[in-house]
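Have a look at these structures, which come just after this line.
Both complexes below contain subunit A, partnered by subunit B and then by subunit C.
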Partner chain A sequence: MAAPFRCIYRPLWRVITGSGRLTVGMRNISFTENHFSATNHKTASVGSPWTLHGAVCLQRLPVISQDRNPIEEEFSGLMQQMELERSLLSDHELRLLEDAARMSRKQEEDYDSDEEEDYGDKEIVTAQDLEDAWEQKLKQFHPAQRSNGDKLDVSSSERCLADSLVLLIKQDVGSQKVWLLPQVQWKAGETLRQTAERALAHLPADVKATFLGNAPCGFYKYKYPKDIQKEGSVGAKVFFFKAVMCSPNHLPLEKNSFAWVKKDELKDFLTPEYLKQVNRFIMSL
Partner chain B sequence: MNYLTSIKKVILLQNTRALMCAASSVQNELLTTQKVPWGALLTNRQYRSMPTHGIGKYRHLLPKTLPKKKKDKIQMKQIKAASDTEFGVLNVCVSGYDMTLVEHYSQYIHNFCNHLDIKVVESYALPTKTTEVMVMQDQGTKMYVDGILKTYERFVQISEMKATLCPIFMEVLLKNQPEGVQLCVKEHTEADFQSRFKARPELEGLIAKMNN
Partner chain C sequence: AGIVCRTLSRVVSSQTSCCSSVVSVRHSHWFTSILSPKTSVPLRAEPKKKKKVDPRREQMMKERLKKKLKKLERVPPELIPIEDFITTAKCFDETRVREVPKLSFEETERRALLLKHWSRYKFSQHQAEMAEIKEALEAQRQALEELKIESEDLYKAAIGPDTDLFPFQHQGPCYTPPIPNYEAPDGKYNDITRVYTQ
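For the complex of A and B:
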């Protein structure tokens, strides 16, 4: 590699919360840079015919768990039924039974309340009342929708909540407009990861993302068409870095230039060779 | 008198010898071919030249275990240069209110580490923390207990994970994180290690008295 590739050692300090609809909270990462500069230090001016680019593979993690198969549904129903049949009664259920027995004893004619054991103020609030009160509270709680249906198009990041989505951008490369992962050319003196961070910052939407590591996850090289090839440059090499989005992005992005896509929808957007390299590092959940 | 008792013993032994002759043929050969002192007839031991002598012994095959010290030492971190940077000792902490989810997720992480040949040093749980949720009553100033929440925590301790493997590892963990479970990856420190021990108030009181 022609680029000086400084390896940065950093102690990890991450607090990542995943809870239901609200996506991830704070991520705090602290850096310490140690220069291990014993190895490669060739500057780009020495000459390699390839221009370097850093690209970022920004992912929105799945917010909710996936829906179950019919078989999985059946099995989970069966397991729940088995567990219910094998379980013992809880305190609350025991109280319900006791109260019901006491009520039936009260209805009889020869009821003597002094015979009952001292149960304090359970007369006032029975277990059934508590249960009714809890049911009322439950009815007031409205969970968020699991799937937004087809109302949202490709440029919204709230699309498929059960899958992980990747951000694609329509950029002009040469003379054509092509869909690809956001990339930016490498400048001398910075690490490739900083190039990727710059690529992220260049996006018009303000997203906070955490990079998962210093090592690139993928690589793609392409040659310029013959008429553009100058003496110095034959083509370009792109290094991909993975990043995970922290804050939910509510800003609407332009429909024609941004897309949040799942892994199987990638083939509709990317060119075949690019797709082949990108598919190698994008995991389907 | 002693002579009589010894004769009686010998006669008794002769009887037992007859019984044992009837019992097994192998022992028969022993008794007839060799001059065995009559003390040995009392036991059923295999003689040392028997091929199956000591057939059930296994203690010599086990590794030597030293008597365990009261306190473990914390491992030192390792920093290799250049592209093979490895992290030291990391703690992956899984916590949440639902015990089944927390346990299953921590087991998943442990199995995943075994599958990727990441060294798992320890896998332990911290004691359950019980939280009472108290709500103000609608009319009046009294608080009543609305519910009891229990927080469960499980730790998986990893050592010497390669920095190139780390992004893949983190991504898989994040993508498979269930709802309602918090994931936290941090470095292992001495304070973390000490927090697992119970506080000893009497000992601390005595030490304070000694110092005063």
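For the complex of A and C:
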């Protein structure tokens, strides 16, 4: 994409009167206000027409490993085969062979047990017996199930355990209810990261999250529709901060207002412009 | 007179030594008769010449020992062997060689093609990962630029280091999810790692 380096945006709500203008020269306005903010260091963004918001991109990282692709399955099979071919016999395998040889010797008629070298107690417990005992012990352990199936709906954080999920919230912005990442308006005197932490605290679920650094990972700006535009606030700029959920939290959240969503499911929830910006920093690795 | 007394005492002592266990002072060869001048034992022997030389000699001995010790210490300490780099003797045991069945032509072909397919798959995966990371970094950079335009203070706060982040710990994914309220069995083990001291 050889587009010039300018964030081309569209207003969040298409105003029906048709003034959804694509102002490419948006930057100029912010430039003229820039010298105000440059001179007043104490009161930040005094002249800027944008209201600042801090948002948190809370991720639940995967809990189990992903299933393998067909190519990956085939390759892992090949690797195991090759490693087996190139290896030496282990102690256990040698013991198995010896036991098999001894058994075959026992079957013969001219078997004399005195000819055997000292085997100690190996005759009592053969390697095969040991293997069977180990199998039995393994069967006694019942691990948890890998996949919960489709029983869980979107608001549970124990959905797809093999993928990383992002928390979305249904908030009313203006007059409409829109799905977004949890965001809160910035107050003077705090850093944007503290705003994001506040946004996290406002959620009804008590989650412990680690914020990954002080810097925002992405931003999104939108203009308010004409009727809401007050003096001094043309629109809003939202800065996103990434956070990773520490402990698995099983508190149930309201179905219609919260969602834990994979990256490819984001398009079902978010508006296209918002999605475009958010997709840049949410990784499906 | 002293000599006469000495011989007399010797004669007397030879006669009486067997009967009396306690030998009187006079019969001992260290003590002459009472009449002889009362002199302490060492005075009778050679005069001590070694008073000045002895400490010097002792010092010389000590220095020689120290030099020998230093020579020994100059030898570099024996290197601790890295156990991972030493192939154990077990690997060279001939009885352990596995019988490898010979591979057919189709099998070798299949393997070669699968390896090439795998390298293509991995390459495309790597490209995708790199592109995603690049995109995320670009998004962050643009966000910081916008923030700078907005306010210098917030920008400075954003690019400052986060002291609480490191050391960062996270439990990675396993094959099965963790069982809630699971009591793991007691894991006793005997630690037989070899510890080397230099």
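FYI, the second predicted complex is superposed on the first by the 230 of 285 C-alpha atoms of A that agree within 3 Å, B and C clash if a C-alpha of one lies under 4 Å from a C-alpha of the other, contacts with A are read in each partner's own complex, and residues count from 1 in each chain.
FYI, contacts are C-beta pairs under 8 Å (C-beta built on N, C-alpha and C of every residue); 3 or more make two chains touch, one makes a residue touch a chain.
All values reported here derive from a predicted model rather than from experimental measurement.
K.L.:
Examine A:L192 and indicate which partner it touches, taking first as subunit B and second as subunit C; both and neither are also allowed.
P.N.:
Touch status of A:L192: second partner only.
K.L.:
Between subunit B (first) and subunit C (second), which does A:E85 come into contact with in this model arrangement: first, second, both, or neither?
P.N.:
Touch partner of A:E85: subunit C, not subunit B.
K.L.:
Applying the touch criterion given at the start, work out whether A:F75 contacts subunit B, subunit C, both or neither, answering first, second, both or neither.
P.N.:
Touch status of A:F75: second partner only.
K.L.:
Considering only the touch criterion stated at the top, classify A:L52 as touching first (subunit B), second (subunit C), both, or neither.
P.N.:
After superposition on chain A, A:L52 lies in contact with subunit C alone.
K.L.:
Tell me which partner A:K221 touches in the superposition: subunit B (first), subunit C (second), both or neither.
P.N.:
second
K.L.:
Which partner chains sit in contact with A:L138 here, subunit B, subunit C, both or neither? Use first/second/both/neither.
P.N.:
So A:L138 meets neither subunit B nor subunit C here.
K.L.:
Looking at A:L61, would you say it contacts subunit B, subunit C, both, or neither? Reply first, second, both or neither.
P.N.:
Both: A:L61 reaches subunit B and subunit C.
K.L.:
Subunit B or subunit C: which reaches more residues on subunit A?
P.N.:
Comparing subunit B with subunit C, the partner touching more subunit A residues is C.
K.L.:
In the superposed arrangement, what residues of subunit A touch both subunit B and subunit C?
P.N.:
Touching subunit B and subunit C on subunit A: residues 7, 38, 61-62, 64-65, 212-215, 217, 244, 283, 285.
K.L.:
Taking the touch rule as given, give the residues of subunit C at its contact with subunit A in the complex, in rising order.
P.N.:
91, 93, 95-98, 100, 111, 114-115, 117-118, 121, 129, 132-133, 135-136, 138-140, 142-144, 146-147, 149-154, 157-162, 165, 168, 170, 173-179
K.L.:
In the complex formed with subunit A, which residues of subunit B make contact?
P.N.:
79, 81-83, 85, 87, 90, 163-164, 166-168, 170-172, 174-187
K.L.:
Could you pull out which subunit A residues touch subunit B in their complex?
P.N.:
Checking each residue of subunit A against subunit B gives 7, 9, 11-20, 36, 38-39, 59, 61-62, 64-65, 164, 212-215, 217, 242, 244, 283, 285.
K.L.:
Can you list the residues on subunit A that touch subunit C in the complex?
P.N.:
Counting only subunit A, the residues touching subunit C are 7, 30, 34, 37-38, 41, 44-45, 48, 50, 52, 61-65, 71, 74-75, 78, 82, 84-85, 87-89, 94, 143-146, 161-162, 191-193, 210-219, 221, 237, 239-240, 244, 246, 277, 280-281, 283-285.
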